[in-house]
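Two complexes follow with chain A in common, the first pairing it with chain B and the second with chain C.
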Partner chain A sequence: MSGILPQLLFSGLAIGCIYGLVGLGFIQVYNAVGLTNFAQGEFVMLGAYLFVSAVVIWKAPFWVGFLFLLVGMAVIGFLFTRGVYKPTYKAGRFAFLLASVGLSMALQDLVVLIWGPVPLYMPRLVSESSFNIGNVFINPQHIIIIGSTILLLIIQYLIFQKTPLGKMMRATAQDQFAATLSGIKVPLMIIFTFVNSSILAGIAGFLVGPVFSVTPSMGASAMLKGFVGCTIGGWGSIPGAVLGGILVGIIEIFSSFYISSAYKDAIVFLVLILFLLFKPKGIFGETVSEKV
Partner chain B sequence: MKKVSKIIIMLLLAIIILSVPHLIKSDYTLHVVNLAGIYAICVMGLVFLLGFAGQLSLGHSALMSIGAYTTGLLAVELNLPFVITFPAAIVVSMLFALLIGIPTLKLKSFYLAMATRGLNIALFIVLINWKRFTHGADGIVNIPRPSFAGFTIQTERAWFYFIVAILIVCYIASRNIEKSRIGRSFKAVKEGELAAEVMGIDVYRTKILAFVLSSALAGTAGCLFAHLNQFICPNDFNITQSVTLLSMSIFGGSEYLLGGVVGAYVLTFLPEALRFLQTYARFINGILILLIMILAPSGLFGVVSSLFEKLKRQKKLDPPNNSPNIADVEGMEN
Partner chain C sequence: MRNKNMFLRFIVGVLLISFVLTAGCSAQTQTEQPVETEPNAVETPEETQPVEETKLEPIKIGVITEITGVQAVAGKAAQESINQYVKELNANGGLLGREVVVLYEDDQSAQTVAVNAFNKLVLEDKVAAILGPLYSTHCLAIKPRAEELGFPWLAMGLNDRIGTEDDPKWTFQGRTSDAYTPTLVLNFLEEQGKHNPAIMYIGDDFGIDGKDKFVKLLDERGWTVATIEAMQTGDKDFTAQILSIRASGADSIIAWLHQEEAGLFLRQLEEQGVDKKQIPVIGNSSFLGAGVTDIAGQSAVGTYVISGTAPMLQNPEWSQKFFDEYGANPDFLAADSLDGFATIVRAIELAGTTDPESVRQGFLSIKDWIGPFNFAHTFGTAESPQHGVFSSIIVTYDENLQTEFVAQVTK
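The block that comes next holds the complex of A and B.
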């Protein structure tokens, strides 16, 4: 039994990284425009499908497939800003939210129409056989997930803290009006934010694809868990979103081992309700500036 | 004069409603009409929540399922009559709304949206997996028809009158609430929570009340659904169903009770008419929501009423348009 604990922690960490990436995309959009994008989960799924269709269907090499994913997600993010965000953000409080709900449902079906309802198999970078470190069985894909997440977080940190573009995006997130006064092209920065968050979601899909199969509904539950992660971390906090996501992953793995794997999504929901009841600001919520 | 025309309209409406089941010959079509009526009851609840109080629920079919399963289990397992299971279904779905509303409605509006979606997912899992209690994916079969004092509502035609009667009662009650102090406080909260708070409205309580009332209507709809179909399973109440209910409410116009009713009937019949497109049903539904939100977020009734207002304004503007000419003439005379 002693070997099982680190085993569960490790798997939970890997799955949690995916939710963290989804949550990160959520938070960036939320900080920039104060809205939640309910199609974020479907962006995860689209990323996986783009990669699979490039590598498996068109037999492109791995790196071409990945490039295709990046470009495709950037285009999707751009189209989403122009086609959904721009026409709806002024039309009342729920117009954008409802439009993204509609889009997410349409995308789930569109994927079925294009790629068919059968789950697709995503090729792996590494061998499928797991190896042991001490008592712990390690799935190589989990190492890839954790490694890529760390790498992505470093890249995100560098972009947002060191580059002029990142600084302009942060300025837009803090105060759009003041950013406009400083000569920042706010609409462009909003496009960049959406593009960035949809690329993050796409990469999350690419990473999680080999663990679960690639299905039209793979994004829906990832989105709910990314949201729960953001709530646990505290809305507005970027480290909070990532750590919250990881926590959700660990909770999920533990509850499916100790309680029941069938009920794991219901347990995650229970965690959400408990957090909202007792700690609605989340773990890192105190430092967050309130957006009115 | 106005009263007379109102009475005439009411009479005409009553004649149309009463003749519907005689005009529709096939039982199947009448069944779809009845289903649409049930959805209309639930959608009125959504109008309450979204259009009046400005709160979004993405999981109203979950609340419907609570009504349906409460009445189904009570009727099948305990053989309780409809007179008892019907109020029980409403009360239990109101309790669930309290359970979700208390932690989430203090917070920003998207929390309720996500929590209701979460409830939808979680409840679906529980309904499927807790086989001993909910019968799992097989669902509950042989739910009895409701009967009052020896008279059982059996045929689709009888169901039509029954559902329309409940729909009208729900509509009148909702309409009265809309016009009352409670309804005005809902709308004040929607316009601006801070301003509402300043005017002495308890925003948190008002939002909870809106959600609970909305859930009561969803529970009513769920209960009727169970007894009409005599069979319920978890798949009747999935996320897609919740989104469909939402699109019904925004299609008609989420701020108008009647808009919700019209939306429910139109969007229940649209898939029947477009059956050759059935594989694309969810796709079309999603795109429909997207397009409504982009092109006409106030829905059908919103567009029509703003058109009427424009016409009215033009009529009022016409005389002033003429007056400058008169002034010119007068000026010339001077």
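The block that comes next holds the complex of A and C.
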């Protein structure tokens, strides 16, 4: 049956873009504060629920729903910074890690309490059905996911490279002490970083919701795969996070078809272990010397 | 330092893969492992004997269900249907002239928590009987503890090991088990002239055992298996599996999934051009779950489903009452939970008392009892004493996404 390879590539790319967006959120927080936020997957889930609430439950137009999502995720990012990061960052990495893990569990149950456990349907931006090009069936939502990821990356690049705010956030990520000496309000930059990563996760939820359905557990898998993507791509590298996520999506789908669908997750993690053993910096990881 | 970093990263990687294999992959229940117990629990059958009770004391019945976790949709359905039933039961005089009180325990969609919930209900709450979870994985985890304590309970999982393995005495099974359902499915496919199915299963106790039974039966019939594909709970994209099915030349698809995956699978089948008129799909009862038609939409039309309960068809009056109270139609989870609870009530009624051995005998005394959804329950058969239900209904979704009767099938 012809068309298998392009079909696998296209679907793997779309799913990988979601992992890449989640990974991008991870990296931004990691670069800024040296910590990994394990509630990032639940932020994906919250973004989807916010949009569904606005558009499906309250019957608001799409653009209102999207705006509600952006504002809502910004607020969540801010609350997370104040409520989780601020109380724990001085206590060390494990305190923050445990707090974020605990928050992820609490958020899943909170969502069940508020919205119930039944999966919710998120309407699509475009036509419901797929179309085919030869033997390849194209899901329009997958095109939106890929296109949106590219657009978000461009926006992120422009923000971080061309705007004063972005430069200040980069300076904070490179060296908080030096940034403080330069007059940059580091705590404010950290808030912006968390808000930005929260919004990115929410947008990932908005993109993936129509394809997967909206459930309290939808973020968990994305979080794990995004984390793996960051490790493969190289912690600290923004292009690495995205490309690592895409690679995970492609490995997952190819191994499912060509090797075994029962063990596709194990194969992805086997690749992770191989990277940790032979290329622990990841594909684009940078060597960072530690002060002694 | 470099070696230490590498070693630490290796450990992290191993931990991650262990996490996936234990939590994300098939949850094979290790029944030979020691079961966690309450810190102060005394593990003797004598602990399960009820204290002296007066006739005015309410009868407590425990329900272990998934109120939180990935399978929380089951818990919501169970609570709604059982609460409604108990309200009516108590309004009509209760059970043995006593009020019935339901004690819910959340198993958090996790095996160890399910076992702890069972311990609490038996040892602390002193319930008369327990309705177990709807998921086989959790039922298989509870079973050794129930047998050890000598306490009667009704498991609602479908895996036939629940009611047969290790010759259980106290574990009863309230739904048509996978000892029979695969045969009924293949009989149905044979009537359709299909002999080369693909199997798509979910990688937990329920799915793996179902798949193994289908493979064995197909081999016995001399049919071919076009391909066998798996997914895990929480998986969202099935492009690879569906491509494999398309490439295999399958003339039908047997899908043994849970409900969220069922909805997504149906939708993605259509998106990838699989025509259900050419390649019929028959799924397990999960395909009647709440949310499946929301997720699948028109992709669900023409899907066949084999289920113990299809409440809108089997008991329209009750379904209407459920809708009036909760604003949504009941699904198979609500119906199965209610049927299981009603079976426990019947067993206690026949026992005439609430001591564990009498309740156990009460279960075994149930013969040709017609439950709320108009099918017979018979326990204590020579072939399969712990199983109580041997029939299923096959339905399909019509153009309006309503269930349409196709056939009533019996072992």
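The rule we apply is simple: the second predicted complex is superposed on the first by the 279 of 292 C-alpha atoms of A that agree within 3 Å, B and C clash if a C-alpha of one lies under 4 Å from a C-alpha of the other, contacts with A are read in each partner's own complex, and residues count from 1 in each chain.
One rule holds in what follows: a residue touches a chain if its C-beta (ideal position, glycine included) is under 8 Å from a C-beta of that chain, and two chains touch if they have at least 3 such contacts.
Please read these numbers as outputs of a predicted model, since none were measured by experiment.
Using the contact criterion defined above for the overlaid structures, shared-chain residue A:P117 touches chain C, although it does not reach chain B.
By the document's definition of touching, both partners, chain B and chain C, reach A:P280. Legend: residue contacts after superposition of the two complexes on their common chain; A:S256 is shown touching chain C, with no touch to chain B. By the touch criterion defined above, A:L107 reaches chain B but does not reach chain C. Of the two partner chains placed by the overlay, only chain C lies in contact with A:L8; chain B stays clear of it. By the touch criterion stated above, A:A266 is placed in contact with chain B and with chain C alike.
Common to the chain B-facing and chain C-facing surfaces of chain A are residues 108-109, 220-221, 224, 228, 260, 262-263, 265-266, 269-270, 272-273, 276-277, 280. Of all residues in chain A, only 1, 4, 7-8, 11-12, 15, 108-109, 112, 116-121, 128-130, 132, 137, 139, 208, 211-213, 215-218, 220-221, 224, 228, 253-254, 256-257, 260-266, 269-270, 272-273, 276-277, 280 touch chain C in the complex they form. Chain C meets chain A in the complex at residues 5-6, 9-10, 12-14, 16-17, 20-21, 24-26, 68, 70, 72-73, 75-76, 203, 229-232, 234-237, 239-241, 243-244, 246-247, 259-260, 263-264, 270-273, 290-291, 294-295, 297. Every residue of chain B that touches chain A in the complex is listed here, in rising order: 50, 54, 56, 58, 99-100, 102-104, 106-111, 113-115, 117-119, 121-123, 125-126, 128-129, 239-240, 243, 246-247, 250, 279-280, 282-283, 285-290, 293-294, 297. On the side of chain A, the complex with chain B involves touching residues 36, 38, 84, 87-88, 91-99, 101-110, 113, 220-221, 224, 227-228, 231, 235, 260, 262-263, 265-266, 269-270, 272-273, 276-277, 280.
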